[in-house]
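Okay, got some structures for you below.
Here chain A shows up in two complexes: once beside chain B, once beside chain C.
And now, the complex of A and B:
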């Protein structure tokens, strides 16, 4: 129950009790609860951000507009949502690597990436990304050259950040659909770079 | 407040492995909690999610709870504090229930919660014409303030010198204000701090941290 007893409580039982009482009292509509989960699991997800990224790789004008005003571009494509309409896109280049974090909570661009992965919400990531981003990236498997500038974006307000990863080599001539399939969730947070499968 | 949620720069945590892409809500109770917290928009208990949630959990408990258990804890606290639900009812959920004192209340359905809220074209930038206190390129100092209420200025930037990188336009100020102080909309900026400025010799010479801060968090460099 809601006291200071730490972690060992039975989350399943507590959740069922809370939902049961609130539903029986008519304070919550179970259909709304289902719809929330459906929305976050099926309607939004990294495939949306991947589409924006892939198009930015093949269309220089689109890329320029995305980097200048991601919110306007997202709105044109009806990519909006509570706490993620105020979107800012930041691009990785050979000399700059971007990484997104929320040190105060777990703010994340839901409308383009869906719900955040567990590692993004973990205390370790939130604590360390701002003080030792290169060590964090190295532990994640990305060893950046010392000359690369690392830009960490701490999402302390309602603005949400989307990393545009570099286009992987060997992808000339691929369609936007093929390129979209290469873009990973973690690359759009800045936790990894992209390689064509089999390379790396 | 200087709470356990303000984690930036804390040492000693072990980084987890990055998990493969796939469903985020892995357990049934996590799905229920997530659906519940966004559907629970009842007058009197639907407060600002992050502000209320983070600071009301005692620090040792906060650090020990998994992410969705924090939402569960906060949801329990909200309905208990507002009197809509009693501890006895939660302990015996199939037993008798008191009738909540909200005349003619209809719980919001999917169209209100999802279409009208979660998926809506909600924009935090306000369409208000207010002059910014700072311009892109200005040198600023994050004010060294330690308010007892919720603040969006993380501890690790307070007193540190940065540079205005972007002006995000006018946003509602999200810090909790003392009673009687009027909340005023103001410009929000992305402020760049160098790794060295924030972390001394441990900061990387090519590391930059960009933090979103409002006018009231900042002062000009004299």
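And now, the complex of A and C:
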């Protein structure tokens, strides 16, 4: 960790002071805040997005609806926490690879992926993903064929993106539950693929 | 845009490093305050995104590239500025509250050391 203990103690003090002031003024409720943390640490996570992806692999109609209006489909699955934010699903194909970034800050589809990983919030990723996505992907260990088009989606406060990775080969006959377990968080950001075929 | 050029040469963080969502409890608290303010309609996603990105840009302008670890430091700074700009609180009120919290902590520690 870059920060030493005294700095952490200072951030802790600043946060507690701010929370005290806001609580006194009735703007936040510490009990509700605890519930928010609990929810984001334990309940919401990539397994939610993985479930949507897995179903889209086995059900073409579901896939069509997910691509047309991911927010509506997620709502049907009782995924909440969208506020005013739209959710858009983009599908990887043998000829298109999608990568999600937030160049401004760290907008991320919290409701379906949980909290963003550290590398996603990193300045280097935020700057470079739009400038040279192929190099970024290569550094992540994903060497795409030249014919594969890379599409970079810059998230905003209004729109968040979910990548539907390609279904890996050799998974015929697997149940939705089994498939869900194969879908990784990073594959739904576009930082990795689950497929072996189509890429070197 | 010189900062961006420098950023373009920074190496990416490893995707292997699996860290907990919050490295320190205060980060979770600062996160939860923002979620609460958004959920209660007092803050929009748009405004928060603008404020956080302004804080991140300012830090990058100072050459403090965010390695992800400092992310919530900027988050906290953006949140403090928001509450002051909205006149929910003032910098001196926050400073007084910090001092009161610090005194309270000292007092509690003294009490605990005294108890058998």
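Heads up, the rule we're going with is that the second predicted complex is superposed on the first by the 160 of 200 C-alpha atoms of A that agree within 3 Å, B and C clash if a C-alpha of one lies under 4 Å from a C-alpha of the other, contacts with A are read in each partner's own complex, and residues count from 1 in each chain.
Everything that follows uses one rule, which is that a contact is a pair of C-beta atoms (placed from the backbone, for glycine too) under 8 Å apart; a residue touches a chain by one contact, two chains touch by 3 or more.
All values reported here derive from a predicted model rather than from experimental measurement.
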Just checking: does A:123 make contact with chain B only, chain C only, both, or neither of them? Give me first, second, both or neither.
both
Tell me which touches more residues of chain A here: chain C or chain B.
B
Applying the touch criterion given at the start, work out whether A:151 contacts chain B, chain C, both or neither, answering first, second, both or neither.
first
For A:143 in the superposed arrangement: first (chain B), second (chain C), both or neither?
neither
Now for A:191: first (chain B), second (chain C), both, or neither, which partner does it touch?
both
After the superposition on A, what does A:27 contact: first (chain B), second (chain C), both or neither?
both
Please work out whether A:114 is in contact with chain B alone, chain C alone, both, or neither, and reply first, second, both or neither.
both
Mind working out whether A:16 is in touch with chain B, chain C, both or neither, as first, second, both or neither?
both
Of the two partner chains, chain B (first) and chain C (second), which one does A:43 touch, if any: first, second, both, or neither?
first
After overlaying the two complexes on chain A, where does the chain B footprint on chain A coincide with the chain C footprint?
1-2, 11-12, 14-22, 25, 27-29, 32-34, 36-37, 40-41, 83, 85, 104-107, 114-115, 117-119, 121-125, 127-128, 131-132, 136, 139-140, 156-158, 186, 191-192
Residue numbers on chain A that touch chain C, as the complex places them:
1-3, 8, 11-22, 25, 27-29, 32-34, 36-37, 40-41, 83-85, 104-107, 114-115, 117-119, 121-125, 127-128, 131-132, 136, 139-140, 156-158, 186, 191-192
Touching residues (chain side chain A, partner chain B) in the complex
1-2, 4, 6-7, 11-12, 14-22, 24-29, 31-41, 43, 46, 71, 75, 80-83, 85-86, 88, 103-107, 114-119, 121-128, 130-134, 136, 139-140, 146-159, 184-186, 191-192
Could you pull out which chain B residues touch chain A in their complex?
5-11, 13-19, 21, 23-25, 27-29, 31-36, 38-40, 42, 50, 54, 58, 60-61, 63-69, 72-73, 75-77, 79-80, 84-85, 87, 89-91, 93-94, 97, 99-100, 102, 105, 107-110, 112-114, 117-125, 152-154, 156, 166, 168, 171, 174, 188, 190, 198-199, 202-204, 206-214
Contact set on chain C toward chain A in their complex
4, 7-8, 10-15, 17, 19-26, 28-33, 35-40, 42, 44-46, 48-50, 52-53, 56, 60, 65-73, 76, 79-80, 83, 88-89, 93-94, 97-98, 100-102
